[in-house]
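After this come two complexes, each holding chain A, first together with chain B and then together with chain C.
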Partner chain A sequence: MSVSAIRRLILIGLLIAIGIALSIANPSFLTVDNLMTLLQEASLTGIVAIGFTLILITAGIDMSIGAVIAITSMICINFISYTQLPAYIYIPIALAMGCAIGWVNGFFITHFKLPEFIVTLATRGILAGLALIAAVKDSQGFVKNVFIQDEVFLAFGETVGPVYIVTIVFFVLAFCTQFFLKRTRAGTNVYATGANPTAARLSGINTDRTLIGVYMFSGFCAALTSIFLSARMMTAMPEFGIGSEMDVIASVIIGGTPFTGGVGDIWGTVIGTLFLALIKNGILKLGLSPYIQPIVIGGIIVVVVVLDVWYKDFAEKRAARSARQKQMQSKEGV
Partner chain B sequence: MNDPRNSDVLLECRGIDKNYNGPMVLSGVDFALTRGEIHALVGENGAGKSTLIKIVTGVTNRNAGSISFDGHDIPQEHSKNAAEKLGIAVIYQELSLIHGMSVAQNIYLTKEPLLSGLPIIDINKMNTMAQEMIDRYGFDLKATDVIDNLPIAQRQTVEILKALSNKASLMIMDEPTSSLTSTESAQLFKIIRLLKSEGISVLYISHRMEEVFALSDRVTVLRDGRKVAVLEKEQISPAEIIRLMIGRILTDNESHHQMVKKDGEVVLEVDKLCSEGKLKDVSFSVRRGEVLGFGGLVGSGRTELMRAIYGIDPFDSGTITYLGKPYVPTVEKSIAGGYGFVPEERRLQGIMGGISITGNIGIANLDTISSKAGFVSGAKELERAQKAIALLNVKPARPEVLVGNLSGGNQQKVVVGKWLIRDLKLLIVDEPTVGVDIGAKEEMYQTIERLSQAGVAVIVVSSDLPELTRLSDRIIVLRKGRVIKEFVEGAVSEEDVLRAASGLVEGGAQ
Partner chain C sequence: MKTGTLDWRQLMVDFRLFGILLLMMVGLTLISDRFLTVDNLTNVLWSVCLIGIMTTGAIYAPITGGIDLSVASIAALAGIVANVLMNVYGLHWLLSIVITLLIGVLIGWVNGVVTTKFLVPAFIVTMAAKTYLFGVAMLVSNGDQITIMQPKEFLAIGVSKFLGIPIPIYIMAVLVIVSHILLKHTVFGRQCIAVGANEVSAKLSGVNPDRTRIIVYIISSVTASIAGIVMASLTQQAYAMNATGYEFDVITAIVIGGTSLMGGNGSVTGALIGAVMVGFINNGLNLLDMPSAYHPIATGIVILAALILNQGVSIPKSIQYLLSCFKPASVK
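The block that comes next holds the complex of A and B.
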C-alpha cells in the first residue's frame, strides 16, 4: 500500500476513535443536530480548503482567502442594503469578484514573477481594508449590523432534510474537483506545474495560465463560502473570514497535501477538514474553553508536519534502497 | 556532391550566424544531417554547440542563414513548439520529467488519450498505449511505475519514449551519459542504435571521445563558432578529432597506465567502516603524495564513503585514524584539520551560483579571513580569491563575477580553488570533471598531479575510467558497499577496473 493510503487510513481511524470517545464523554455529541452542525462548520472551512489544496499542489500559497470572504460578503450586504436587485443577480457578481481577485493574484505572480506569499499578503491587506470601508455604516459612521431578509439569499443557509445545503455543495464540489485533478489534462497540468515547473513548460504546459486558473478557483471558493457564511449568520460583518486562513491551512496540511508542491488531493483535504471540525466541536462538547482552540490547532499542525517529514524521510530511504537493489539485480543479469 | 545520402537529408543548416548582442557565437556554420544517422557534434565548451542546438530547437533565433527540416523551411522566427511539431526532440541533460507521476503520465503529458468526445483522460488506454510502446522497444519498464522510484538511466529511457510518442524524427542528446555508469551507457548506446534502425536520426553531443567513436556515423567539429570539419565514418579517429577541436595535440596516455607505489606517511586510515545499507567493512589508507582512485558503479557506495570520512553522514561502526590520531569526523573538524572536499554535484553541493567568486572562496576560509571577534576582512577575502584564481587559471579572472555565470569547468576550478589556498593535507574529489570541457579537464588533472607532488594525499572518485586509471597511483574498486578489488602496482587497464566493478572477478558473475 502506498504511503499516502496508509496515512489516510490512520487519519480515518483516528477520526472514528475520537468520535467514539466524544460520544461516550458527552451524549449530546452523537445527535443528528450536533453532527449536522459539525458538518456545516466543516463545509464552510472545507470549500475554501478545496481551492487552497490546488494552490498548495502548485507549490504556491494564498494568504488572501480570508479577506476575499470579507470583501465578497460586504459586496452582498451593500446590494442588499442599497438596491432592490434580486439575489440571483448579486450572488453571481460576488462570485465573479472572487474570481477576479484570484486573477489579479495570479497575474502579479506570473507576469512579474513575484513570490506568491508577498502578492497574496498584499491583496489580503488591501481587501481587508476595503471591506471595512465598504461596510454598511450607521449615521455615526459605525459599522451597522444589517439583518438579511432576502429569502433567496437566506435559502443558502437552509437544509435539505437534515443536511445543510452548504454540506451538500461541499461534497459535490470536492467530488468534481477531485475528478478534475485526476482525470482531465488541465488537472494533470496543475500537478506538473507544482512538481517541476521547468519540466512542465518544456512539455508544452502553459504554467502561467495554470497558475492564474488555480488562484481564480481559490478566489471563487472563498467567495462561495462567504455567501453560505452570511446566509447562516443572517448578516455580514467586515471581519468575516479574517483569520480563517489558520483553519484552512490546518485542514489541508492534516489532509496530507504538503507545501512542496506536486502532491496532494481533495479526499485528503475532506478528511482533514472533518478532522479539524471534530476537534473543535470536541473542545466545546468537553466543556473546555474555546480559547484553547487555536492552541490545539497549532499543536496539531506541528505534530502532523513533524510526522510527515519523519515518515517521508523513512519512505525515501526505503525507495532508494529498493532502487539500488533493482539496479544491482539488473547488473547481475548482464 | 554525388553522395547518395544527400538525397535523404533530414536537417540542413546553411550559413548560420548568431551573436548575442556581442561577439559572434556562430559564424557561417553549415550543418547537414541525414535520415537515420547518428551524428556527433563535438567541440570545446564555447565552440557554439549549444547555440546551434538552441537555434535548431527554436529556443533562440538565428541572425542569418537558412534551415530546412524534413523538406520544410524553418523561418527565422522559430519556436520550441514549432520544432516539436516538426519532429525535433531534445533529450535534456537535466532530466525534465515530472516527479510523482507515472511513466505513462510522463510520456503522454499534455497529449493524454481522452474518452471519446469527453475532456476526460482515459487512464487505462494511456497505460496500455505506454506499455505497448515500452514492450515494442523491449525496455525494462512498467507503464505504471512512478518516476521517483526509477534509477536515472531508466528515467532517461522515459524521456526517449516521450520523444518517440511525439513522432520525433530527430533526437538531440546533449551529454546523455554524464550521469550514467558504464553499463548504463552501454544500454543507452543500444537504444540509440535501435532508434537508428527505426530511421530516427540522433544528434549526439558529448565530451567523451570514446562514445563519439563507438557510436557516430559522422562527426561535425566546431571550433570558435565555425565549422572546422565533417568527418565520415572511416575518417573518424580520436587523435584527429581532438586535433581539430583544440588545434593542438594532447599527449595521449597509453591505455595501460603504469601505477607507482608511493611510500609517504599515512595521512588517513579507515578500518572496517560500516554503515547500514551503504558500506560494509571498508578498510583502506592513503599516504602523503599519493593519488588513491575509487572505482565502482553508481550506487556502489563510493560517494557514501567519501561523505562518511568527511563527516557529512554518520556511520555505524569502524574507526578512522587521521594523521596518526583516532578521528571522528565532523565537517567543521575536517576543514580545520586540512581536508578539502569537492562534491559530486557541483551545482547542488559545490557552488553558490548567485554569489561572486570571492564569496564562494571566502565561505570555506572564514577562519583565515576573519578576526577573532568574527568580522570578515574584505581585503583578506579578496586576496585569497585572487590567489585561487591565479593558481587555477579561472576565466574570467575577475573575483567579482557571479559563479553561476561561469562555464562548468571554471565553476569546478572555483570549488577546488577554495581548498587549494588552505594548508591542505587531504583532498577528496568526487567526479571532478563531469560536464567539463577537454581543456579544463586537462587542467584539473594537472592540478591534482601538482597537489600530490606537493605532498597532499588525494582521493579521486570517478566513473570516467580513462580518468581514473590516468590519475591514480592505486585504485580501489567498490561494489555493493564493499572493497572488491585493489590494484596496487604495475599496469592496470580500464577493462580491469570495469570487470571488478561489475563483479566479474572473484569467480565470475554472482
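The block that comes next holds the complex of A and C.
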C-alpha cells in the first residue's frame, strides 16, 4: 500500500476514534442535529479548501480567500438592501467577482513574477478594507445588521431531508474537481505546473494560463462559500471569513497535500476538512476555552507537517534498505 | 568593491527614498495644518519606533528568502508575559525582561527549526505561529486589557527621556546601527545574503544554510519581543490585540526599503526610511479623517507597488500587456 493510502486510513481511523470518544464524553454529540451541523461547518470550510488544494498542487498559496468571502458577501448584501434585483442575477455577479479577484492575483503572480503569498497578502488587505467600506451602514455610520429576506437567497441555507444543501454541493464539487484533476488534460497540466514549472513550460504547457485559472477557481470557491455562509447566518458582516485561511490551510495540510507542489488530491482534503471540523466541534462540546482553538489549529499545522516529513524520511530509508537487501539476495543467488 | 569607492547605485536608491519621504512630508503639511505640530510628530515617532525596532530584526528573514509573519503576535505575547512575570510572580523587572527575551529566542528557534529541518515554507510556519501565539496570549491574559501600574522602572522605558530624547528612540537607533553593521560588515551578514541569493552555492562554499536561517528567525523574534516590551511600557497596558496588523506594516517598511522578498539583498537603512514612511502614511490617513478601513487598503497597494518597482518592471510595458489581455482572440 502506498504511503498516502496508509496515511488516509490512519486519518479515517483517528476520525472514528475521536468520534467515539466524543460521543462517550458528551451524549449530545451523537445526534443527527449535531452531526449535520458539523457536516455543514465542514462543508463551508471544505468548499474553499477544494480551491486551495489546487493552488497548493501548483506550489502556490492564496491568503486572500478569507477577504474574498468578506467582499462577495458585502456585494450580495448591497444588492439585497439597495436594489430589487432577483437572486439569480446578483449571485452570478458575486461569483464572477470572486473569479475576477483570482484573475488579478494570478496576473500579478505570473506577469510580475512576484511571490504568491505577498501578492495575496496585499490583496487580502485591500479586499478586507474594501469590504468594511462597502458594508451597509446605518445613519450614524455604524455597520448595520441587515436581515436577508430574499427567499431564493435563503434557500441556499435550507436542508434536503436532514442534509444541508451546502454539504451536497461540497461533495458534488469535490467529485467534479477530483475528476477534473485526474481525468482531464487541464488537470494534468495543474500537476505538471506544480511539480516542475520549467519542464512544464518546455513541454508546451501554458503555465501562466494554468496558474491564473487555478487562482480564479480558488476565488470562485471562496465566493460560493460566502453565499452559503450568508444564507445560513441570514445576514452578512464585513468580518465574514477574515482569518478563516488558517482553518483552510490546516484542513488541506491534514489531508496530505504538501507545500512542495505536484502532489495531492481532493479526497484527502475532504477527510482533512471533516477531521478539523470534528476537532473544533469537540472543543466546543467539551466546554474548553474558545482561546484554545487558535492554539490547536496553529499547532496541528506544525505537528502534521513535522510528522509528515519524519514519516517520509522513515519510509524512504525503509525502501532503500529493502532494495539493498534485495540486491544482496540476488547477488547471493548468482 | 565596498572599500574606497562609494556604492553609487545603493546611494541613489536610498536618496530616492529620502526624496519621496520629503515629498510626503510637504504634501501632508499642505493637506493638514495639524501635521507639523509637536504632538502629532511625537505620535508618528512612537509608531515609527515600534515598527522600526521590529524591522531591524525582521529584515533578515526576507534577506535569506523567508519571511516572518509572527512578529506582531510575539510582540503582544512579550508584553503580556513581562507583565505576568512582574506583577503576578513578583520578579525583578530586569529579570522578567530577560526571561521574556529568552521566550522570544525559544519561539524564534521553533520557527527556524520547523522551517529548515522540515522544509515547510517560512510564511506557513510563521503564520501558524502567529495563530497559536495569539491563542496563547489570549489564554494567558484571559482576553483582558491589563493595565500595567507597577514597577516604575519598567514604565520608564517607554516614557522617560535622556538628554531630551525619549528612550525608545535610543533603543531603535542602537538596534539599527547594530543590525546595519551585522548585515554589511560581518561574516554572518554575508552568509545571510549568500543563503538568500543561492542556497546551493552557499552550501557548497561552506555556509550552513540551516544554522543561518535558525539564527535569523531567533533575531527576528528577539527584536519583536523588544518591541513588545517597549510597547507595553509605552501604552502601559498588556493586551493580546495590541499589535494586531503590525506584521503588515513591518513587511511594507522592508519592501519600501528596497529589500526584495526573493532574498539575496537588503538594506537596514532603507527599511528604516520605509518605517518612517509607513508611519507617515498611517498618520496621513488619520489626519484626513479616513476610516480605519482605508489603512489595510493603503498598505496593500503600497506593498504591491513597491514590489513591482523593486522588480524593475517598466510600467508602460505592463499597461500594454494588460490591455492586450482584453483584446479579442481574433486579433492575434
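Everything that follows uses one rule, which is that the second predicted complex is superposed on the first by the 316 of 334 C-alpha atoms of A that agree within 3 Å, B and C clash if a C-alpha of one lies under 4 Å from a C-alpha of the other, contacts with A are read in each partner's own complex, and residues count from 1 in each chain.
Rule of thumb we're sticking to: a contact is a pair of C-beta atoms (placed from the backbone, for glycine too) under 8 Å apart; a residue touches a chain by one contact, two chains touch by 3 or more.
Just so it is clear, the model here is predicted, and its values are computed rather than measured.
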item: Which of chain B and chain C A:Ile10 touches, first, second, both or neither; value: neither
item: First (chain B), second (chain C), both or neither touched by A:Lys113; value: second
item: First, second, both or neither for A:Ile24, with chain B first and chain C second; value: neither
item: Which of chain B and chain C A:Ala155 touches, first, second, both or neither; value: neither
item: Partner chain in contact with A:Arg321 - chain B first, chain C second, else both or neither; value: first
item: Which of chain B and chain C A:Leu85 touches, first, second, both or neither; value: neither
item: Partner chain in contact with A:Thr184 - chain B first, chain C second, else both or neither; value: first
item: Chain B versus chain C as contact partner of A:Leu286, first or second or both or neither; value: neither
item: Which of chain B and chain C A:Thr198 touches, first, second, both or neither; value: first
item: Chain A residues touched - chain C or chain B, whichever exceeds; value: C
item: Residues on chain C engaged by chain A in the complex (per definition of touch); value: 67, 114, 117-121, 123-125, 127-136, 138-139, 143, 248, 251, 255, 261-262, 291-297, 299-301, 303-304, 307-308, 311, 313, 318, 321-322, 325
item: For the chain B and chain A complex, residues of the former touching the latter; value: 80-81, 84, 92, 95-101, 105, 109-110, 112, 114, 119-121, 123, 140, 148-151, 162, 183, 277, 297-299, 480, 502-503, 509-510
item: Residue ranges of chain A touching chain C (in the complex, touch as defined); value: 61, 107-108, 111-115, 117-119, 121-126, 128-130, 132-133, 245-246, 249, 259-260, 289, 291-299, 301-302, 305-306, 309-310
item: Contacting residues of chain A [partner chain B, same complex]; value: 179, 182-185, 188-189, 191-192, 195-196, 198-200, 202-205, 262-263, 317, 319, 321-324, 326-328, 330-332, 334
